[in-house]
Each structure stands twice: as C-alpha cells, then as structure tokens.
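Multiple structures are listed underneath, in structure tokens.
Paired with subunit B in one complex and with subunit C in the other, subunit A is shared by the two complexes that follow.
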Partner chain A sequence: MDLEIPKKDLLRLVSRCQGVADKKSAMPALANVLLAADGSTLRVSATDLYLGVTGQVNAQVKTPGSVAVPARDLLERIKAMPDGPLHVTTSEGAQTTIKAVGSPRRYTLPGIPGAEFPQLPMPTPDAPRLELPVDLLALLIARTHFSISTDETRAHVNSALFEWSGDRVRMVSTDGHRLSKMEATVAGSAATATMLIPLKAIHELRRLADEARAEKDAPVVTITQSGPSAFFTIAGTQFSVKLVDAQFPPYQQVIPAMTERSIRAPRSALADALKAISLAASDRTGGVKISVTSGSLRITSESPDTGNAFDELTIDYDGPELTIGFNAKYFLDVLNGIDDEEIIFGISGELDPAVLKAGNESSERSYVAVIMPMRI
Partner chain B sequence: MAVQRAILHVDMDAFFASVEVRDDPRLRGKPVLVGGGGRRGVVATASYEARRFGCRSAQPMAQALKLCPEAVVVAPRHGVYVEVSQQVFDVFARFSPLVEGLSIDEAFLDISGTERLLGTPRQVAEALKAEVKATTALTCSVGIASVKFLAKIASGMNKPDGITEIPPGTELAFLTPLPVGALWGVGPRTEQRLEQRGIRTVGDLRRLGEKTLTDWLGAHGQHLYRLSAGLDERAVIPDREAKSISNEDTYAVDVVGVEALRQRLLSQATRVADRLVAEGRKARCVHLKIRDIHFVTESRQCTLPRPVNDHRAIYEAACRLLDSVETEGRSFRLTGVGVADFDAGSAPVQLGLFDAPREMREIREAPRKESLQEVMSAVRKRFGHQALFPGDAGSERRLGSSGAITHTRPVAGEETEAGTDARRGEAKADGGKGRGRGRLGSGP
Partner chain C sequence: MPFTHILGQDMAISTLTRALTSGRVHHAYRFEGPPGVGKEMTATALAQALVCVGDDPLGCGACSACQRAAGRSPGRPASPLHPDVAIVARNFYPAATIGRKTDESSEISVDQVRTIVLQHASYPAHEGRARVFLVRDADELSTGAANALLKTLEEPRQGTYFVLLTSRPDALLNTIRSRTMPVRFGPLPEAVVRDALEAAEIPAERQELALEMAGGSVSAALELCDEEATEAREAFVRRVFEAVDARDLGMAVTLAESLEKDKDRLKADLRALGAALARRARGEVDEAPASAEVLARRYEAVGRAVVRLERNASPQLAMVSLVADLREAGRYCVP
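Here is the complex of A and B:
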C-alpha cells in the first residue's frame, strides 16, 4: 500500500472509527483500524464484532493494499503530524510508515495484514432502504438516549426501540423507572421496521449525526435492515449494528392516557430550580419533593445528612395541593433534552406516574416522558 | 479545661456458665463446664466453682474433666447467649452512647463528663451492675480508670461481681507492682524476653525508659513504655455499623425437603427482620446459605428492587433463592438467611414503571406492613423470640401448638426442648473489624 492523503481527512476518518475499535477485546485485531486503499479512495474501518464503522475519502493511491494498525496509536501519531499531506506506506510484515510530506517527521507502526482483520457485515443488495433526515434521527436520540438502561445484563432495555410504521418514526427507551418516547412524521414515507439498537450504538450514532450536521446542511441517513444487523449510512460513513434480539417491554401500557392534573411550567426556570435543589439531595437517591399548590410549584429537599433546600416557581395552577417525590435527575434529563419554552407536567397521585411533555406539541412531532415517583 | 476521662470496662462473670446456671437452678453451686463434649471438645467457659479445680476456657474438655471429674458439662446455646448479650448491651447503651464491644460479653463505656447527670464513676458502675442484674439476673465486674487498658486490668482484679476503681492520679502506684504480663500486648514471648533482662514488673519496665525499650522492641517497645507510664489515649470507639445481618442455625436433626427448609428460613427471616427493625434500617440484598450433611455449602444472593425490613419480603426472597438450590435427595445440616446493603429505614423508594400490580400493592401497603413488622419485633423484643411468630413458621417454632400466636418460652434443661431443638443458633453482626460482638468463638 502506498498513498498520499491530507492530514485532516485521515484524522477525521480515524477519529470517527477509533470509538468503535475495542481496545480491551480478547481478540487483539479488534483494537486496530483497517486501512484499505483501492482505486482513488481510502477506506478506514473498525469493529468490535457488534458495531462496525467504515468511512471513505479520496486519496492519491499509488499502490492499492490494506493493513490494520492499532487505532489509538495511529490517531495520536496523526494528530502529532504537521498540517498538510501525509504519505502512508506499508512494507513487508505489515510495517506501516506515516511520513509528513515536506517534513522529516515520520512514524513506523507494527500492523497486521488487512486480510487478518475481521470482515464487516454488508447488507444484501435487495434489502429495503429507508431515508430519514439526520436532524430527525438526532432529535429522536437526543430526547430518549438518557433513559436507556445502563444495565448490560438486561439487553432488552440496554437499548432503544426504533420503530417505523407508515409515515411515523419513533424511538422509545426505558430503564424501568422512567421512559421517553419521541415520535415524528416523515412526509411521504411508508415503511415498517422495528429494531432494538444497543446503547453503545446509540452513542456512536449520536456522534455521527452531530458530525454530519456540522459538516453539511440537511444531511440524510439511509437505514437498511438486513439479517441480524442494521446499517446506517450518514455522509459517506457506513455504520453497522448487530441488533438486540429481545422483546422491548410493553411501553404503551405504562404511558398514562391522561393525568388528573396538567400544569404548564417554564422549562428553563424549572430546570434551574431543580438543579439547585438537587444539590442538597442525597447522592444516592437524588430525591426531591415537588409540590403543586394554587399558583405555585415548590421544590424541597430534606435530609438529616445533607440539610434542607427550598425553591418556588410561579405557575398557572388552580387546584388541590399535591406533593410527590422524584429523582431530580430524571426530570433534568428530560428538561435538558427539550428546547421548548414551556413544558406540560401531568400528575395524578403520589404513587402514580408523572408525565412530561414539550410545550409546543404538534401532531407532526410528539414527545412524552414518563417518570415514576419516589416514596420519600 | 479538659474533662477528666472516665472509662468503664464491664466484663460479664463466667458468661456462658452463668447463663446456664441461671436457666437451670439444678446447676447452682456445681462446677459447670460449657463447651463441646466428645473427645475433641473444648471448654468455652468454666463456672467459678470449676475454676477452683483449675479448669479454664480454651482447655480441652477431656483435660478439664480430669481436673474436675464431677463437673457438669453443658452444651453451649449460642442463640441464647447472643440474646442475653443484646440485653446487656442495651443496658450499657442507657449509660453512654460511647460503647465499644470487645466481645459478646465485655465492653468499654466512656462516661466522661456524665458526673453531674449520673453521679461519680463508682455510682455509675453500681447502677449499671444493678441494672444488668435486674435485666438478666447475671453479675458482671467493672473496672474504672482514666484510660482503657487500666479499666480492663481493673475489671479483672475483683471478680466476680466486683468494682475496682483506679482514681485519677493513682495510676502509677497501681501499675508499678503489677507483673509485665498484665499489660495489653505483652504475651508469653515478650514476657520471656523481658524476664531474661530481669524485667518482671511494670515498674521495672518504666524505669528502663522509652528509648531503651524502643531500641529493644521497636514501635512495640514505645507502646509498652507508654502503657507502663499509664498513658493510653485510645478512645472508646462505638461499634461500627454492621455491614450485614444474618441468622444461621446448625441442626442436630438433618432437614429434608423444601417445606421443612422453608419453615427454617421463615424463622430465620423473622429474626433478621427483628434486627433490622431494632437498628432502624432496611436492606436491599438478601442471601441464603445452606449446607448439606456432606458439608457442601451453597450460597445464593439477590438484590431486591427496593430496600425492605419486613420478614415476609426477606422470607420470600430467601425462598426464591432456595428454588435455585438442588434440594431433591439431599439432607441439610445448616441454613442461614442474611441481609446486606443497608439503607436508613426512611430512605426513599423509587417506584418502577413495570412493577406488577402485586408489587404496586406491596408498595402502597408497605408503610402498614412496616409498622406491623415493628410491632411484631417489639413484642418479641419484650417477651422473647418465641413469643410471636408467623403462623406458618412450622412445628419447629410452634412446639406442638397450632395457633398463630403461641407463647412457648422454652425452659432450659427441659428434655423435649433439648431433644428436638438442640440447635446452635448464631446471630452474626459482621462489622468491619476482625472481632465483633455477637461473633462467636471467643468464650468469656
């Protein structure tokens, strides 16, 4: 392999891939990224056998070929290079040399032949393809990723449910204490798909989506489901995910159709007050009490260990007083994922689920978060 | 101005033996050896009558019987000792919040600064002895001093049923004539090394000076010098909170079958729940220990969705754990139920979205159940563990009656009791320290 490529292009590709490379795997090859040069393109890939990512960019390829080199080492060395073109060559035994063109600086890395790197899955050519604006994918993830369970032993909730039916797409996640569901209409589409995307893949997709939005206006993601995997192509990067083979909990059943009381509250003021009061809540539980009473919403925290805290907001509410305990973090995650000025806060009883919605609900985009109380 | 420190060391007199004599008046006045019978048994405690013959704790039973052939050998009933120990420590707690248990039957109490409230240290010691006697019908000996190690030496000076006070300012006079072996940390080896240099008394030791002792024995030498000068700044450290509470029984008669095992687990879960309530805590983690007659021991544990303190929840978790143990065709000699991962009793409980209706009902009913548990625990605390227990705890607890509430406070020495229920019960409180009051093995 012998090629020349601008530093910034190689850096972008390798940093995109190295998050997927598995540095702690029992299979040492997985800590590598694969560099494959062919025609006039360089492809860079990484995989942990569950996730795979491949990006490509134009390069001046003198001799095609492929090699796999340690992902983190390669990234550090590229960063340390001066700006400008880099000359990448491999010699026998997969020794890989990176040299800055017009500078004496060079690195040699021990690599393994590209053929020894595991093959990434590919969709079958006839697999159905769906297209979605990247902005929408980013929105689905932004409003649901925080309530994905981090418990890796519970694969069915250690992932987000992605559903597409007719012209509606939705993403749902739950950790058993709370749930978030984001739904949107994709004009002119009619498709059916259901997939459980593992947490690590959601993090990577979020990163890819943010990068693509930063680089270009209105990018589109192409989604293909094929065999046990799903493939997301965003701005030339193909991301494959081995989907979770499990049953997501029956989430529709736990979203209350209605709540006894519905309160509009200013989002950022509420988030600010909750954040301040949760400072005084016990670390372990993060429990605060939220009381609604005529015209005001009060947030209190009382702890024999950490002391007390109190704050109050003016709200448009006229009804009986009700006090419910909650984990403040669950509220803050939701409030920070929304950008509406107001939120709608629905409550029934002190042991009943609370519902949070964005203030500007529309039939095109609808969001609901369900949070179970804490008995304090 | 610094408050004059006043430390009590309280030591129960021949604890296990005294409990046995108390519960079986026929033993009164006789030499009693509490301990394992058989060829390899060891004396856990010898009564004062037996000590006159040279019997001591940790002596092989055979040797003790050679010294005192007429001694009555009694099998230890650890469950009872733990219960009595709890009563005694409850008395201690009424005199000072600073109680440091050394073992099942001795403790330090820091009563500094309580003189205006409770009287002189001697008056406190007298009141404490009277209260221990009123509560348990047992005697103890008390040492009073300004530092811990002197209080401990003092309590042993006037046993049984004595009080020895070393008034402030008389420490050196008290220490000087004592043999070096009286100091904490001087074992037979050090004693021998000191003896070779002609050091026999604490006074000899002190006259050597700190430097010489440090040169000889290093840091230990410096420590000994300070003790010989009556200096011991170590504070009375109240017992660290236990990290787990468990109840284990080894059965004289093997337990066969799931039903029989469950009955044992229910009774153990009840005891564990009582301890939780007494300490105002709830636990998230429940563990099960079970040992068959071939000494194959299996342990299982699980984490509950929310912390609990009621016996039913602990029992049900233990039963679920038992389901994962192969019980078919096996006989068991030991079962144990324990809990860990504590929360304060009032810790918030996060509700779950997918809690089954049954679980939701449990949460709604939890405050009621917890108060029921507290009442049950209070009854047992006042009237003894057999006073009140769940109706399905089985004949093992009911002892012949079928009612849900049965008062069967067993009379020690009764033949039926010994025959059917000669269990070794132990309630353990595993603290961070190596020792722990309630932990068994070290006889008084």
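Here is the complex of A and C:
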C-alpha cells in the first residue's frame, strides 16, 4: 500500500474508528484499525465484532493494499504529525510507515496484513434501504434508551426494538420494571422493518447522531437491514450493528389500554421534587411514595436508615386518595427524557402500573412510559 | 483437507467426518483421551470444516476462513485469527480481558465463561457460517463456570458448536457429561509417536525410553526427550532406590522433605520410577523370576502412590509411605 492523504482527513477517520476498536478484546487483532486503499479512496474500519465503523475519504493511491495497525498508536502518531499531506506506505511483514510530506518526521508501526483482520459485514446490494432524519433517530433514542435492560445475558431486553411499519417508526425498550415507547410519523415514506438493536450500539448511534447534528443542519440517516446486521450511514460514515436475533417481549400487553385516573402535572416541578425526595430514599431500592389527593400530589420517603422526606405539589385533580410506591429513578429518567411543560400521569390502583405521557400528545409524535409500582 | 494431517485417530476422525458429510454435526462434542494424542488438532480441524467457505463439507484447508481458523495471533492471548473460533482455557486470556483482577491459577473461572462464551452465544456467527468454542482441559472448569455453561451447552443457537477437550472425563460434572457427545481418542501407535520424534530431530538413543514412557502421547514423548528433565528424573529414581536399600527410613524422610510442591512433576517422576522398575523386571524375569516378582509388586506400589497423589495426598507423606511400601515388597521375597 502506498498513498498520500491530508492529515486532517486521516485524523478524522481514525479518531472516529478508535472508539470502536477494542484494546482489551479476547482477539488481539480487534485492537487495530484496518486501512484499505483501493482506486482513489482510503477506507478506515474498526470493529469489535458487534459494532463496526467504516469511513472513507479520497486519497491519492499509488499502490492499493490493506493493513491493520493498532488504533491507539496510530491515532497518537497522526496527531503528532505536522499539518499537511501524509505519506503512508507498508512494506514486507505489514510494517507501516507514516511520513509527513516536506518534513523529516516519520513513524514506523508494526501491523498485521489486512487479510488477517476479521471480515466486516457488508450489505447485499439489493437490501431494502430506509431514510430517516437524524433528528428523529436521536429523539427516538433519547426517549427510550434509559429503560433498556443492562443485563447482558438477556439479549432480548438488552436491546431496543426498532420498528417501521407504513409511515410510522417506533422504538420500544424495557427492562422488566419499566417500558418506554416512542412513535413518530415520517412524512411521505413507507417501509416495513423490525430490528433489535443492542444497548452498546444504541449508545454509539446516539453519539454518532449528536456528532452529525453538530456538523450539518438536517442530515439524514440511511438504514439498511441485511442478513444478521443493520447498517446506519450518517454523513459518509457507515456504522454496522449486529442485531439481536431474539423475540422482543409482547410489549403491547404491558401498556394499559386505559387508566382510572389521569392527572396533569408540571414536568419540571415534579422532577425537581422527586429528585429532592429521592435523596432520602434508601440507596438499595430508591423507593418513594407518591400519593394523590384532591388538588395536591405528595411525595414522601421513609426509611429507618436515612430518615424521612416530604414534598407537595399543587395539581389539577379531584377524586379519592391513592398512594403508590415507585422507584424515583424510573420517574426521573422519563421526566428528563421529555421536554414538554406538562406530563400526563395515569394511575389505577396501588398495584397497577403507572403510565406517563408527554403533555402535548399529537398523532404525529406519541410517547408512552409504563412504570411498575413497588411495595413500600 | 484439514483432517488428513491427524494420524492414528481413525475412529474419532471417521465419527466426525461422517457427521460433517451427512450435515448432522452434534452441537457439543467431548473429546476424551490422554494428553498429546491430537484432540486439539482434531478440534481445530473440525472448526475449520465448520467455518470453511468452500464447497467441501470437511473443510478445504485453503480458503481464508480455514487458514484463519487454524492460525493463532502472536502474543497473549494467542486466539484464533478467525472471529468465530474461540478458545476457552485456564489462564489463556489476560486477567483484564475477562474482567478479573488476578490470573486464573487453578481453574477456568466463571468470568471467562461469561465474557468469552455467554456474551457471544446469543448472536449469530460473525462471518455467517458457524461459531465454534474449544474448551481446552474442560475438567478444569470451576463448578460455577460449568454450571454457567449448562444452558448454552444444552441448547446453543443454530450454528454454535462446542468442543470440550479433556484427558480426565470423570472429573467433569455429570451435567456437563450428559450434555456432550463423547468422541474417544486412544493412545497413538508407536510408529506415529516415533515419526513425531523423528520430525522433532530427537537423537535415536533418547527416543526408545521416551516411547516406552510416553504411553502413546506425542507431547509427553517430546517432554521426556528433554535432556535436563531426563537427568533430573534419573537422579530421582536413583535416590528412591538408595532410600529403599538404606537401613532405615531416614533417607526416605530426607528425600520426601527435599521434594518440591509441584505434584505434576512428582507424578511424572513416579511414572519414570515405574518405568524403571518395569524395565528391570522385564530384564530379570527369565533368570531370576523371584526378583522380578518383587519388582512387579514394587511397580504396583508406585501405581498406588500416583493414585494417592491424585486424591490430593500430601506429596511428602505419599513419598515416605511409598518408600516404606517398596521396602515391604522386598521383605517377603523368596530368596
């Protein structure tokens, strides 16, 4: 391999890939990034076998070829190079030399031949493609990512369900104690897709979406599902995710069709009060009691170890009193995930799940969170 | 074809090739047999056949997938280069890789099973063909690790295969044994071991003894040919004979106290002692049958000592008691 490429292009690609390359992997080859030069482009990829990132950029390729070099080492060396074009060459035994054009500074890195790097999944050319505004993808993730189970041995809930049917897209996640579902309409688009995206990939997608939004005004993400993987292409970077091959729990059964009482409450005041009371809640359970009475919502916490706490909010409610125990953290995650001024809080009995909805429900965007009660 | 490199294990190979050609490969095999007879080579060949992208159901051995399945990364861990072939073995991975603070000194930890096997078991193979886990010395799985593996071992997802290698199948949990299909590997014929020693350029004079003691295991034979180890073993045998011929047990106690803690080493030394006794007995059986009988009884005593060590006896006590037994065996000899 022999090519010339501006430092800033190479730096951008390698630093994006470096996050995915896994230094502590059980397979030492995965600590590398793969540089593959072909035609007039350089492709830079990294993978941990579950996530893969591939970026490409134009470069002056004199001799095509591929090599894998340690990601961290390469990144540090590129950073230390003077601005301007870099000359990258590989010699026998995958030794890779990076030299700054017009400067004597030069590094040589031991690498491995590109053929020894695991193959990256590629979408088949006829795989269906979907297009989604990045903003919408970011919104879907922001409202559901917190309720994904962190239990890695239960892959079917250690992931978010992404569904596309007709012009509706939907993301659902649950950890057995709570569930969140975000749905939105994509104007002028119709497709069918169902995929379970693992938690690790959700985090990475979130980061990628944030970066893309910072760079461009209204970017679009292209989603391709092919074989066991899904491919997300944002602003020239292809991000491949190995999907979970399992059955997501039948979530529709969990969401109560209706609740006996429905209460409107100011979102930020409620979040503030819950946060304050949860300070006094036991560390292990985080349980607080929420009771609604005519005109007010009381939040209390009692614990022999950590003492008591009490707060009260004025709400628009008229009906019998009801007290339910909840984990305050579950509420706070939901309240912090939405930005409406008011929320709608639906409850039935003290052992029935609570339903939280955003105040400005519309047919275009709808959000539901279900939180199971706890006995306190 | 990868299987053709494996010599002297025709039964095992034919079981596996039959399964591969008929497309009915069991999802969990247990390769049983003494160490150094080709279990891991066969398991690697099976992994190659399963991930091969060519047309041959037994693996072509030439495609990139086959070559990477057999290739190993330089350095530690020396994992296979193919992402769908993983090795589980005690102390194979650095402690940080499997989320531990210390190395695995005596058993395969549950941490390793979780990070290397369970985390990956719910996903399909990376390159799409099959995923193979080779568990080296499966008898070293800790009880927790073995239990963590049970569910996956019983019903792995489509295209996931396990090969458990062990030289001590009875040391495995019953629950593991019942979930795996045994494939037996016998000791190698002498000619195969001799060829291996020839290939390693061992001088002919050291081959004979090694062949006799190795019990059909190439790795044991190669170890036995090591010059330094041979001398140490001969010195041990000499000292035991001196202790047996001494007037009292004083020398036996001194010998026992000078032993190192390493039980495996002591077992190997005792096997050398047994071989020396057997050799002498064979030499004397025609001229002095009575003395050969003493030697045979002493040989049995050595066998008992090895068993005691396997049952976790103290090496020092086992040694003193062995010397006492050896002396006892000589006492009833009919002159």
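Everything that follows uses one rule, which is that the second predicted complex is superposed on the first by the 318 of 376 C-alpha atoms of A that agree within 3 Å, B and C clash if a C-alpha of one lies under 4 Å from a C-alpha of the other, contacts with A are read in each partner's own complex, and residues count from 1 in each chain.
The rule is short, and it goes like this: a contact is a pair of C-beta atoms (placed from the backbone, for glycine too) under 8 Å apart; a residue touches a chain by one contact, two chains touch by 3 or more.
Keep in mind that this is a model prediction, so the values were computed, not measured.
Colleague: Look at A:214 in the shared chain and tell me whether it touches subunit B only, subunit C only, both, or neither; answer first, second, both or neither.
Modeller: neither
Colleague: Which partner chains sit in contact with A:285 here, subunit B, subunit C, both or neither? Use first/second/both/neither.
Modeller: first
Colleague: Tell me the contact category for A:187 with respect to subunit B and subunit C: first, second, both or neither.
Modeller: neither
Colleague: In the superposed arrangement, does A:376 touch subunit B (first), subunit C (second), both or neither?
Modeller: The answer is first: A:376 touches subunit B but not subunit C.
Colleague: Between subunit B (first) and subunit C (second), which does A:257 come into contact with in this model arrangement: first, second, both, or neither?
Modeller: A:257 contacts neither subunit B nor subunit C.
Colleague: Touch test for A:118: subunit B only (first), subunit C only (second), both, or neither?
Modeller: second
Colleague: Would you mind writing out the residues of subunit A in touch with subunit C in their complex?
Modeller: 24-29, 49-50, 115-116, 118-119, 121, 152-153, 155, 227-228, 242, 244-246
Colleague: In the complex of these two chains, what residues of subunit C are touching subunit A?
Modeller: Spelled out, the residues of subunit C in touch with subunit A are 64, 68, 71, 73-75, 77, 79, 81-83, 86, 93-94, 96-98, 114-116, 118-120, 122-124, 126-128, 157.
Colleague: Spell out the part of subunit A that touches subunit B in their complex, as residue ranges.
Modeller: 174, 176-179, 249, 254, 284-285, 287, 325, 327, 351, 353, 370, 372-376
Colleague: Could you pull out which subunit B residues touch subunit A in their complex?
Modeller: These residues of subunit B touch subunit A: 343, 347-354, 360, 363-364, 366.
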